[in-house]
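Two complexes are shown next, each including subunit A; its partner changes from subunit B in the first to subunit C in the second.
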Partner chain A sequence: MGLFIENYNISGADAVALEDSIMEKGRGVTVGSRILKNFVSPFNATVVDRLLDNGFKIAGRANMDEFGLLKLSRDDDNMPTGAIRAVSDDVAAFSLCNDLFGRYRREATENDCCYIHPTYGTVSRYGLVPLASSMDQIGIVCKDLAQGFGLLSYISGKDPKDGAMFPESTYDYTKPAGEITLGVPKSVIEKADVDTQDAITEFIDGFANTEIDLEHFDLYSRVMYILSSAEISNNLSRYDGIKFGYRASNFSDLEDLYTKTRSEGFGPDAKSAIIMGAMMLSKDQYGAYYERAMKVRRLIKESIKFDRYNVIVLPCNIGDDPYENLSLYALSPLAGLPSVSFSYKGHGIQLIAGVKNEDLLLSTWEVCKA
Partner chain B sequence: MPRIEDYETMTKISLTKEERGIVSGHMNMLLDSFKELGDIDVSGVEPLVSVLDITNDMRDDVAIKTLSREELLSNAPEQYDGYFQVPRTVD
Partner chain C sequence: MKYETIIGLEVHVELATKSKLFCPCSTEFGSDINENVCPICSGMPGTSPMINKKAVELGIAAGLLTNSAIARRIAFDKKNYFYPDLPSGYQVTQLFSPICKNGWVEIETDAGKRRINLTQIHIEEDAGKLIHDDWTDTTLVDFNRASVPLIEIVTNPDFRSGEEVVAFLEKLRSLLSFAGVSDCKMQEGSMRCDINLSVREKGTEKLGTRTEIKNMNSLKAITAAIAYESRRHIEALETGDEVLVQETRRWDDSIGETFSMRGKEDATDYRFCPDPDIMPVFIGDEWIDSVRDNLPETAQAKFIRLTEELDLSEYDSEIITRSKNLSDIFDETLKHFENPKEVANWVIVELLAIAKGDNKNEDDVRIDCRKFAKLIELVENKTINRNVGKQVLSLVLEDDIDPVQYIEENKLGMISDTSLINEIIKKVLWENPKAVEEYRGGSKKVQGFFIGQIMRKLGGKANPQMITSLLRDALKED
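Entry: the complex of A and B
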């Protein structure tokens, strides 16, 4: 995977790379898919307006997996995504992207970067190509979490163009966070390799901590896939070759135009997600899968109480299977919780806090860096 | 077992033989993994549609200027006389 789809040759401390899913007026936006071939955005995403209004510059459009989808098939391209490379290679100080399935959160820790996944409903999604709307969330790749939260303070806050946001117009991520007590899901951490377990043990020793049980953890990935594929199937139904994007060149009638356009325009992961999503939503399967998954989503959200603890610690890798690893990354989008991921002594660590409690995440990171 | 071909028709996607093999493999793996959901007691649990406890924030019912006709049509694969152009749909 190349770093940029389009490189503006701008670098420096105020340079921000955009995943190719974020609208920028007058620029091509492909979301890594042929289905948006030749699409040129007629408007700026709200986050782009806010970056430009605050003196930041756009470094270029970073390459991505098609729609940022989970790759279920073996992938021989081991290069990190463009948004990660832009920051790790010091081409840009920050990248913005939509990390639904955890690839950015994992790759950040493997490439000397950090990732901030803000609370759902605090950063506008206006101008982000929709994937799974109940979970889509623009996040930040950075080298230093304090700087990353500095950038977040410029792009977060209520936007009238996004109908699902908290009312606050600004957020202060640097206010004193108070006492931190880490919740340690031992049974999950034990799935990581021994070196990672040792690093996490060392990490939690610097804090008050308590062992917790992440009820339904093994189901997180299942619920996430069912719900996201259903939403993806809906959101990707807009690509029909009529109003924008790719259109097949040879077709016999309107039906044939739709089918050839979508068959030629989407890649295998998008086709898998669309077909699985359609199945999850179909009359015969809805109750067994989609509705049940929405109910389990509630059980998962309500099982995270943040009572004896206020920050959850997780590893960033528990094996080679991306679907099983998804459980590590599904909690934030399923419950709308903020998280950060970073490398500690060479091993990826993820911290998750309660809604709008990003200050706890920054404080925890600052303690471990001290 | 649901037939992939039925969902291809529904989603306006025609898979090649090779793609159908890949999607079928994904589908079998996923459906098998979803069986674990059946063990959870969800009686009396309301589906969670949105994680936000707030309702949709509707703006005032006031007309605003959005994109112009030219801007909206600028990405159309084909247009004619200010409209999106599609193949003949009525004989």
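Entry: the complex of A and C
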């Protein structure tokens, strides 16, 4: 995977690379898929406008997995995604991307970067090509979380063009956070390798902490997979070869136009999500999959109480299976919670806080850095 | 009659919002192709639907007018299917939590008054329109109508005749158009319905096989289609020549028959699911109360006002209150010329006659009511005569001319110069000595003939009463 799909040859402390899912007026947006080949965005994403208004420059359009989908088969190409490389290679100071399935959050910690996944509904998704609407969230790849939150304060805040946002027009991430008590899900951390476990033990020693049980943890990835597939199958329906994007060159009738366009335009991961999602939403299966997953999603949300603790600590890797690792990354999107991922003593750590409690995450990181 | 026809309706009504359901695009009918389209309503990636509050408000109004229970929390769902006129690949509708439930509308037919129960009313977006270009043999899409807000009113299977269906649709049209919920113009597609029909033997409980006739948009066609379809069902039941199947059918107005729309339609699984992009909308008591308080006068209330307060005949009041547009014209004109009888007369007789001549109906007539009122006043104060008034009215309608200026410029004002009129009278009498003799011989009938002749010479611009009295004097004198 090359770093950029389009390189604007701009670098420096104010350069921001965009995952090729964030739209810029007059520029192509492929989302790493042939289906949007030759699609030119007619408008700027709100985050792009806010970056430019605040003196940042766009470094280029970073390469990505098709639509940012979950890759169920390991790629031969083990290079990190473009948005990570842009920052780790010091091409850009920051990257913006939509990390649904955790690839960015994991790769950030493996490449000397940090990742900020803000609270759902605090960063406008206007101009972000949708994947799974109830979970899509623009996040930030950065070298330093304090700088990352600095950038976040420019791009977050209510946008009238996104219908699913909190009312605040700005957020202050640097306000002094209160007492931090880490919630430590021991049974999950034990799934990580011994070195990582040791690093986490060392990390939590610097804080008040308490052992917690992440109820339904074994269902996280399944709920995430079902709901995301369903929403993806909806959101990818608009790519039908009629209005924009790729259209098969030879077809006999409408049905053939749809079939060929979508067969040729989508890659295997998109097709898999579309088919699974369509099946899960079908009349016969809706109750068994989608409806049940929605109920479990609510149970998961309700199970994270932030009562005895206010920051959850998780590892960033518990094995080679992306599906198993998905459990680690599903909680933030499913419950709309903010998280940060960074490397501590060479091991990836993820912190999750309550809705709009990003300040706690920044404070925790600052304590451990000190 | 051994059989009874059981009918239920799904009525689609386009809401009278200025902008679309999720974006600021105009909903105006008759714009240029794809003029009212933006990234949101053309389904571009990266856009997010922003719910139009006015559409929800009109949905609440529809609920209040149909005695429905209004939901306190409404949400939207996606109905998935592929068709080129559907930009996102799904239609946003309300399956799981519609805005209204369990309403009813009272109708009146020759058989008396009856209640038609409504299962639900829900808000949804309209689709675009396919246009086939015969010249290049290609099909093109017009997205102007895509995402225009609709309500779908679903009735229980309460109808037993086409007459009841028509009475219901007329009642609905009156309720919704007077409240400003929709203009309900069937010819423009802003009101259309699907008919679900089955036939069973009278006295039996079990419903017969049901067929659905889609997309009906004229009362005449609806009446004919229901008659045809129930006859087809009865014949099938009696003769057994045709086996009825549950299916969707299309009415062909030119042939006068329904045809099976065999295809995948019935097999479609719409894969409904909640739309996560649209936050649920909460409807509190205050909102409902404010919609209720701001509901305009219903046709029924207006009828009572016209007959009781303004002392108009029931016949006139009925015509005026049959059309929201006409009754608006009446009210507005009355503001500028406070003579209800005359205004009613001009609206019903003259305005409608001219409209009919132009192939327009009462809903399509547009007129500057201030000018209309002025014109009526000019006739009433005898500045111009009635015939001139009619001619000027058609010019006001056609070219929006200013009647006062026009009458002045074209010297259409009535001739009130008695010496000029007397001169003409003399001339006419001189030219028609035989008629004068007849008159004097006792035949008063010829008076009409004289007046006609005099009027013609005056170019129709004199007051007939004045001519009559001057004529009588002249005939005495001679």
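Observations on the model:
The rule we apply is simple: the second predicted complex is superposed on the first by the 370 of 370 C-alpha atoms of A that agree within 3 Å, B and C clash if a C-alpha of one lies under 4 Å from a C-alpha of the other, contacts with A are read in each partner's own complex, and residues count from 1 in each chain.
Heads up, the rule we're going with is that a residue touches a chain if its C-beta (ideal position, glycine included) is under 8 Å from a C-beta of that chain, and two chains touch if they have at least 3 such contacts.
Small disclaimer: the values here were computed from a predicted structure and weren't measured.
In the superposed model, A:Gly336 lies in contact with subunit B only, and not with subunit C. Look at A:Leu219: by the touch rule set out above, it reaches subunit B but stays clear of subunit C. Once the two complexes are overlaid on the shared chain, A:Tyr126 sits against subunit C while remaining clear of subunit B. In the superposition on chain A, contact of A:Pro160 is made with both subunit B and subunit C. Taking subunit A as the reference, the larger set of touched residues comes from B, when subunit B and subunit C are compared. By the touch criterion defined above, A:Pro42 lies against subunit B and subunit C together after alignment on the C-alpha atoms of chain A.
When both complexes are overlaid on chain A, the residue A:Lys243 reaches subunit B and subunit C alike.
When both complexes are overlaid on chain A, the residue A:Tyr173 reaches neither subunit B nor subunit C. Of the two partner chains, subunit B is the only one that A:Leu299 touches; subunit C does not reach it.
When the two structures are aligned on the shared chain, A:Ser134 is found in touch with subunit B and with subunit C. Shared interface residues of subunit A (contacting subunit B in one complex, subunit C in the other): 42-43, 134, 160, 163-164, 233, 237, 240, 242-244, 254, 258, 278, 282, 294. Listing the residues of subunit A that touch subunit B in their complex gives 38-40, 42-43, 72-73, 120-121, 134, 160, 163-167, 216, 218-219, 221-223, 225-226, 233, 237, 240-247, 251, 253-255, 257-260, 262-263, 266, 268, 271-272, 274-276, 278-279, 282, 284-285, 288-289, 291-299, 301, 323, 334-336. Residues of subunit A that touch subunit C in their complex: 23, 29, 31, 36, 41-43, 45, 125-130, 133-134, 160-164, 230-231, 233-240, 242-244, 254, 258, 278, 281-283, 286, 290, 294. Every residue of subunit C that touches subunit A in the complex is listed here, in rising order: 39, 42-51, 78, 80, 82, 84, 87-90, 141, 269, 271-279. By the touch rule above, subunit B contacts subunit A in their complex via residues 2, 4, 7-8, 10-15, 19, 22-23, 26-27, 29-30, 33-34, 36-38, 40, 42, 45-52, 54, 56-59, 67, 71-72, 74-78, 84, 86-89.
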